[in-house]
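In order of appearance the chains are A, B, C and D, and numbering begins at 1 in each one.
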Amino acid sequence: MKKVNLAIIGIGRIGIIHLKNIIRNFPGANVLAVADVNFSKDDFTKEYPGIIFSANAEEIISLPAVEAVIICTPTSSHAELIEKAIQYGKHIFCEKPVDLSLERTALLVKKVAAAGLKLMLGFNRRFDPDFMEANKNIRSGRIGELQVVKITSRDPGLPPLDYIKHSGGLFMDMAIHDFDMARYMMGKEVVEVYAKGLVLVDEKVGEAGDIDTALTTLVFEDGTYAVIDNSRKAVYGYDQRIEVFGSNGMIQVKNNLHNSNVVFDSDGIHQALPLDFFMDRYACSYLNEMKYFIDALLTNAALPVSGADGLMATYIAVAAKKSMIEKRPVLISEIML
Amino acid sequence: MKKVNLAIIGIGRIGIIHLKNIIRNFPGANVLAVADVNFSKDDFTKEYPGIIFSANAEEIISLPAVEAVIICTPTSSHAELIEKAIQYGKHIFCEKPVDLSLERTALLVKKVAAAGLKLMLGFNRRFDPDFMEANKNIRSGRIGELQVVKITSRDPGLPPLDYIKHSGGLFMDMAIHDFDMARYMMGKEVVEVYAKGLVLVDEKVGEAGDIDTALTTLVFEDGTYAVIDNSRKAVYGYDQRIEVFGSNGMIQVKNNLHNSNVVFDSDGIHQALPLDFFMDRYACSYLNEMKYFIDALLTNAALPVSGADGLMATYIAVAAKKSMIEKRPVLISEIML
Amino acid sequence: MKKVNLAIIGIGRIGIIHLKNIIRNFPGANVLAVADVNFSKDDFTKEYPGIIFSANAEEIISLPAVEAVIICTPTSSHAELIEKAIQYGKHIFCEKPVDLSLERTALLVKKVAAAGLKLMLGFNRRFDPDFMEANKNIRSGRIGELQVVKITSRDPGLPPLDYIKHSGGLFMDMAIHDFDMARYMMGKEVVEVYAKGLVLVDEKVGEAGDIDTALTTLVFEDGTYAVIDNSRKAVYGYDQRIEVFGSNGMIQVKNNLHNSNVVFDSDGIHQALPLDFFMDRYACSYLNEMKYFIDALLTNAALPVSGADGLMATYIAVAAKKSMIEKRPVLISEIML
Amino acid sequence: MKKVNLAIIGIGRIGIIHLKNIIRNFPGANVLAVADVNFSKDDFTKEYPGIIFSANAEEIISLPAVEAVIICTPTSSHAELIEKAIQYGKHIFCEKPVDLSLERTALLVKKVAAAGLKLMLGFNRRFDPDFMEANKNIRSGRIGELQVVKITSRDPGLPPLDYIKHSGGLFMDMAIHDFDMARYMMGKEVVEVYAKGLVLVDEKVGEAGDIDTALTTLVFEDGTYAVIDNSRKAVYGYDQRIEVFGSNGMIQVKNNLHNSNVVFDSDGIHQALPLDFFMDRYACSYLNEMKYFIDALLTNAALPVSGADGLMATYIAVAAKKSMIEKRPVLISEIML
């Protein structure tokens, strides 16, 4: 059986998940090498004896046997690592976003394509079983012509302020997942964006130059729309719901709760909260996205989320920020490069 | 338009509901007269100027224009009033049970039939819109051959001890509704009863010679069964649920909640409790049962719940008590008169 | 006991509901007179023998004993009837909207106030038990500082095209309920409106000069917002849901379903659809709103929905339409008179 | 870090799950050896190169380095393998039941205890996260004094008839899980059993000497009870629900559905069915039970499910069958050895 040789660059929270998922679940893939600047080589090698380790990413990316690299480092290093991958002719899986700069994102996507390489963006939510099921039903025509998609996407709590400062802002860091989800569910392109944003959770977010609450309207090419409701803090857990309305019906994707218990007492009927940590809520989607990436490498199939998808989501994020600042609807064509 | 002339005997909690329901909703019926020993004639006549009132039930029952009587007095007087109604040739609607004595119940049912009169028992739950919908679906074959019905029937709290003492006991007073419901849902006759009962809510119930918690299994003629779970006290409200299992599926009737609000906070997801008072929970069923009674009078149609149904439920209640005492399954044929 | 004498002008669908509700439920009110141009006096008097009837509204409004008029005629006649009520010094309950013209609405509201009369607008949804419960919880601080309200308001089907042509358009006719609901839930004033609208249900709506699908964002004075999703046609019934998000939690108001049955079969788990007719869904709210109106008349209490509320909702509706046409956010101050 | 050396005997459906779960998830355990009569040594060794393999169970059980054996072979071989484990002084994890013979089960449980060895029975449902959460809440006093537990346990479809013939019958093979669950939830001992059973799913089950539908009532030492509803075939999936009623409330454990999608169309509101395969439904519980077993081995802690628990469940199963045949309640003391 053919195995594809992979290298993982960055084994923080997400990188380690991908590492473990590949080792445990995909006999068609082999993690040949790993690079990370924070891990000790000894510690890593003790736990993963068969895997080459280096603090130097290029050393790993350049290994001839490596066929694809999985980039899980902080956003600021994505561009450089993608450049290296292109240089050494490796396919790429990169956590979102490609880069905070739209120009650089567009350039990299173009370069990857020109080099005939595959680039998959880590829009993991597309691979969540519940959202996939909704998408499958929608694509099958179950609810007819699509009219509106409404996305509720509320984090369980603020990330560290230091993270926020380097995040590129709520639209680029957080809502970008929802922008991609809106495109995924509707199967149409966004042409106009209108966004409102404000600071309701913590003044320090404002002092850090960001917002923590936002509402974004996306208009698709045929006039139908998406509305996305974001907050950095839902005290009741991680609120990740979608409703898609069509001419023949509506599909709702509900939250995943901690458990299925219902407690009845003299005060009311009580259920457990939604899963409140993204790595729990989306555990399956991290696994599935890697499965799709590996399958695409093995079979030379098309990627389910391409660099072009990452670029479109970035366009929307940039347009949303511009709309919020200029207090007007912004056309994607205004900012398209 | 023909109107049927009715008399109501007893205008306590239930009688007054029937009185108001008829006045407000049924142009085909006319409440001609009312009898009650606790109400002042002046007070009544002030509020209902067109209705004849008497403290003497026979005076009212014997009025030639009265075509049917609605008996809403305490159980102990039912038998005598039914006798009077038979004597004067009036159709009868009687709150359950006909009588605490099985013999007298059987005799009265026979006499009414012999007199060619209609007798409807107040098994109001058969007229609850949710249960009617389930029944309609079941009769239509929606879930195939019926296998099992499970009834959860838990009161929100203990009735006064004095009430319990004269109630005939949990099986005759409370579970009798569920025995009738089991027959209604399954559309089959019960042949065997096995019941357990105990005192878990309040020792005083035991001192009063009754139980407050019971589990009853009814076996139908074809071997399929019903299981009925009763308690006099559910702290979370009035728990009135049914599940019917068939070869092609299952139908669940859920509780009716106080409202449709769902509150999410850092402690959990919270909903309102079930309606906790039987007159709220079954408001529609009281209205509907009277509609069916009046329609049957106007069109000479068959009654949806007959005296025979009341008798069958009484047989089951007697068998349940016997089973509990003798700690063995009891056949209906053992006690049938 | 004091009784307030009322006159109802117009006994179409809504007027007849108010008439019956008052007769059956409010001993403190007396429907003295009714006016309607479509009903025959004979027919009416036969059914309601004690009530004065005329085809001439002024004849009824001018009756000295009438203390308040309930206006349930088509919108085009509201203004004239309100003028008459003012002329004769009667309090007013008027179905929404006051008038399609903002100027006339503002003028009438001012005139009513100047005359020291009460004017209540028929925003019945404020009186729905589920929405009232949510509002009560919100006002009590249950979910902390309010951040966002999201309203889903989708009709079960298109009204007749002829109705649409004279309706004032989706924002003035349909969404106006939701604009009022947003203010009711948030307890804040709207300062800015951004709306998108399009024709997705039926081209004929577009030919009639209206839209059938719309998304409206309302910004409140403190920057928080409402988002309202309207459609003239939800094939799955009447979709009337609200979610209010606060710093300490979220409150959801769910749809009212036809029944509480859940059917499980080999294809899935199935529930009944939401109530699909507004007069069923809001049966309680029509009753409650009249209770509040009558109570206010009897006790001289403040009205729960005033003419000023009707005017604010009209401002929002006008701003929404302007925003849709000019493709930009519109400030309420731009159109305020 | 100390590792415990395990051997797995039998790697059919369940054995392979335990093998994979241990390898992937428990650094504190080492699968040293595996025995199976159906697997080829070459195939096994190719996939699991580091693990000793033999077709001879004794060869594996007797390996000095093996500290505990996990028995996943068909029931008929359990007794002999447990004897071997005792002979070689190994701790034991055994899939339920220990044996179809009550006498042999009792003897083995006694022998294991006498040898100072640990024996855990594979009542995996105790380790399901939803049931564990309910149990935790119950033990904490969340619903007060326990009164009644109701278990719905319906398989998605008939097993092969050949399996049924050697299964020991519905009570011993299927309901035994529920008997254990009832004890787990109530934390009390069963003293009396009353069971009804019949053939409703397929006549061939009856011809094979078994039933496919059963209702069992268990009475606990304090008179409270459990009612268990079993069917071999629920067309709507695997129905695994529990309700526990106490003096202060009720806890419901609902089914796990295939996904969280809700589809609204003109026919109704539709949800996905419950997970229909026990290895999907209880995937987590298989993992958790092994975690508890390994932890107990590593720390010498008490086992969460002991051989004595297995014996009690067997007593109940035997009593249930006797009750069904003799058509009367059977005391556990009647059959206790």
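In the analysis below, contacts are C-beta pairs under 8 Å (C-beta built on N, C-alpha and C of every residue); 3 or more make two chains touch, one makes a residue touch a chain.
Computed from a predicted structure; not experimentally measured.
Peer 1: Would you say A-B or B-C is joined by more C-beta pairs in contact?
Peer 2: B-C
Peer 1: Can you tell me which chain lies farthest from subunit C, using the average of the Cα atoms as each chain's centre?
Peer 2: Between subunit C and the rest, the longest centre separation is with D.
Peer 1: Any idea how many Å lie between the Cα centroids of subunit A and subunit C?
Peer 2: From the centre of subunit A to the centre of subunit C is 43 Å.
Peer 1: Quick one: subunit A and subunit B, Cα centre-to-centre, how many Å?
Peer 2: 59
Peer 1: Report the inter-centroid distance (CA atoms only) between subunit B and subunit C in whole Å.
Peer 2: Centre separation, subunit B to subunit C: 40 Å.
Peer 1: Two-or-more-chain contact residues of subunit A, please, as numbers and ranges.
Peer 2: Subunit A, residues with two or more chain partners: 234-236, 248-250, 264-266, 272.
Peer 1: Considering the complex alone, what residue numbers of subunit D touch subunit C?
Peer 2: 234-237, 257, 264-273
Peer 1: Where on subunit C is subunit A touching in the complex?
Peer 2: Touching subunit A: residues 145, 147-148, 150, 152, 154, 194, 196, 198, 200-201, 213, 215, 217, 219, 223-225, 227, 229, 231, 234-236, 239, 243, 245, 247-250, 327-329 of subunit C.
Peer 1: Within their complex, state which residues of subunit A touch subunit D.
Peer 2: Subunit A residues touching subunit D: 24, 129-130, 133-134, 137, 142-143, 248-256, 258-266, 272.
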